[in-house]
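Everything on this sheet refers to the single structure shown next.
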Amino acid sequence: MNAPVDPRFAARCRESFARQKAMTLIGARLTAVEPGATEIALPYRDDLTQQKGFVHGGIIGMIADTACGYAAFSLMPADCSLVTVEYKINILAPARGALVARGEVVKAGRSLTVARAEVYAEDGKHIATMQQTLMMLPDTPDTPE
Amino acid sequence: MNAPVDPRFAARCRESFARQKAMTLIGARLTAVEPGATEIALPYRDDLTQQKGFVHGGIIGMIADTACGYAAFSLMPADCSLVTVEYKINILAPARGALVARGEVVKAGRSLTVARAEVYAEDGKHIATMQQTLMMLPDTPDTPE
Amino acid sequence: MNAPVDPRFAARCRESFARQKAMTLIGARLTAVEPGATEIALPYRDDLTQQKGFVHGGIIGMIADTACGYAAFSLMPADCSLVTVEYKINILAPARGALVARGEVVKAGRSLTVARAEVYAEDGKHIATMQQTLMMLPDTPDTPE
Amino acid sequence: MNAPVDPRFAARCRESFARQKAMTLIGARLTAVEPGATEIALPYRDDLTQQKGFVHGGIIGMIADTACGYAAFSLMPADCSLVTVEYKINILAPARGALVARGEVVKAGRSLTVARAEVYAEDGKHIATMQQTLMMLPDTPDTPE
């Protein structure tokens, strides 16, 4: 249903992700990029936790946010940039191990895209669900100014 | 309006925050705790950024999430724990410097609390706004099991 | 996956829906109830529109909200009541005809349930998507006090 | 802070609101329009209720949604139209009487506006809080095509 307009979409997403130093900081990896869908893996680390030893809800939000973002970015023209307008996440269960976030585009509009991400634990447990809105900035580089 | 039931509320919030290794990882500090209100400061660091050099939206979400959480936690009994049910954040402007997140309780219910956080840049620019729902777990330690 | 604890779940949902005078006001009907899933149909009416003649976004929210609610209610014990904690909806496209809202449970917890609804036009166009949190009140009648 | 670009902003909002047949259906009135802020009053009616006799959460969402929308619309040029991108609402307390929704603009951007609404009961009880995103459509009539 979602056809990428840029044949280099996967490489473009991987290059952009590699520039996200915050993803490097937390150890997240972009493990799959399809047209309108992505997967981000986050190995468990002690320094990603909150006060009770579970993965911090904000860290779960970070990978879900980024999974949605690259799902949207994969469908966009090569010369545009993308900003997150807003997102909403429900934390469904506490997480104490490695996580995977799967993002997918719900609706790709002219300027706005709505995406969704599901976060799962290694045992398949559903950890979180996110709904996000993004806005395309045409003719804007996706690199630091 | 919001009277804390635990006179040690500020110390309890600071001790809990100090156990949040994810906050240490990103360099966030809990700079103020009042009954039903908190402030978290986040100095700018290059490793907190996304692909264009702005502070990652998920990092902004992390400090807003935590500011809401401790605003709620400050009003709770000493022997309870708190879980984030969900949050929704609008990113209002890109951020390229230090940030401060101010959380406050909107409604403290018996089991559910609704809180809000505003994130500002050093020049006063409004960066993000969050609305969050939290649930109190009575008789539950706020420490790793 | 979702097994109803109350064998009368469908009748109980229909009886509760029939007491929702706001659903009668807008002409919505509960057209399907499965364990953890519902469908609500809303015929088009001129008096449901906003200033441009499209179905009002708040009306779309009403049927999505109610579809989520009864999806959650279908899985609950007979002697409980349910309150909406919060919901978030993205309007994906304007609507000028009959609508159907399909609700389903994402996670049924002990006290909190997370549900989702998709709203479609008759031609299959995706009109809106909602993510919702509900709280069960045990031993509480679902009727006016 | 928010200066209206259209001196006829209040009349324009009232004329647009008067075209919202869904507002007429539920008996809502636009009782105040300031630059970037509005107030909508909803008298209690039995036919606005859910199964327990409280005002339906979706009805509460309708007036909050509309209060946000006209707060944003008041700041816009005369020749544009506005669409709701998304909203998120927390229901804080059940309501069994007349309601008032107060909307205000949080950030008015070039194309996107973020607004917020608070819904109160007559006795001052805080009933709901909403955070909303809207998009301006330039050079688009705010009337049926």
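Every chain is named by a letter (A, B, C and D) in the order it is written, and numbering of its residues begins at 1.
What we mean here is this: contacts are C-beta pairs under 8 Å (C-beta built on N, C-alpha and C of every residue); 3 or more make two chains touch, one makes a residue touch a chain.
Predicted model only: the values in this text are computed from it and were never measured.
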Tell me, please, which of C-D, B-D or A-D gives a repeat of the A-B interface, judged by over half of the contact pairs matching in residue number. C-D
If you tally C-beta contacts across B-C and across A-C, the winner is A-C
Just give me the whole-number Å value for how far the CA centre of subunit A lies from that of subunit C. 29
Go ahead and note the Å separation of the Cα centroids belonging to subunit C and subunit D. 22
Measure off the straight-line distance from the CA centroid of subunit B to the CA centroid of subunit C, and report it in whole Å. 32
By the touch rule stated above, which residues of subunit B touch at least two different other chains? 85-86, 88, 90, 114, 133
Subunit B to subunit A touching residues, read off their complex: 16-17, 19-26, 46-53, 55-59, 61-63, 65-66, 81, 83-91, 94, 142-145
What does subunit A use to touch subunit C in their complex? 88, 90, 92-93, 106-107, 109, 114, 116, 126, 129, 131, 133
Under the stated contact criterion, what part of subunit A meets subunit D in this complex? 85-86, 88, 111-112, 114, 133, 135
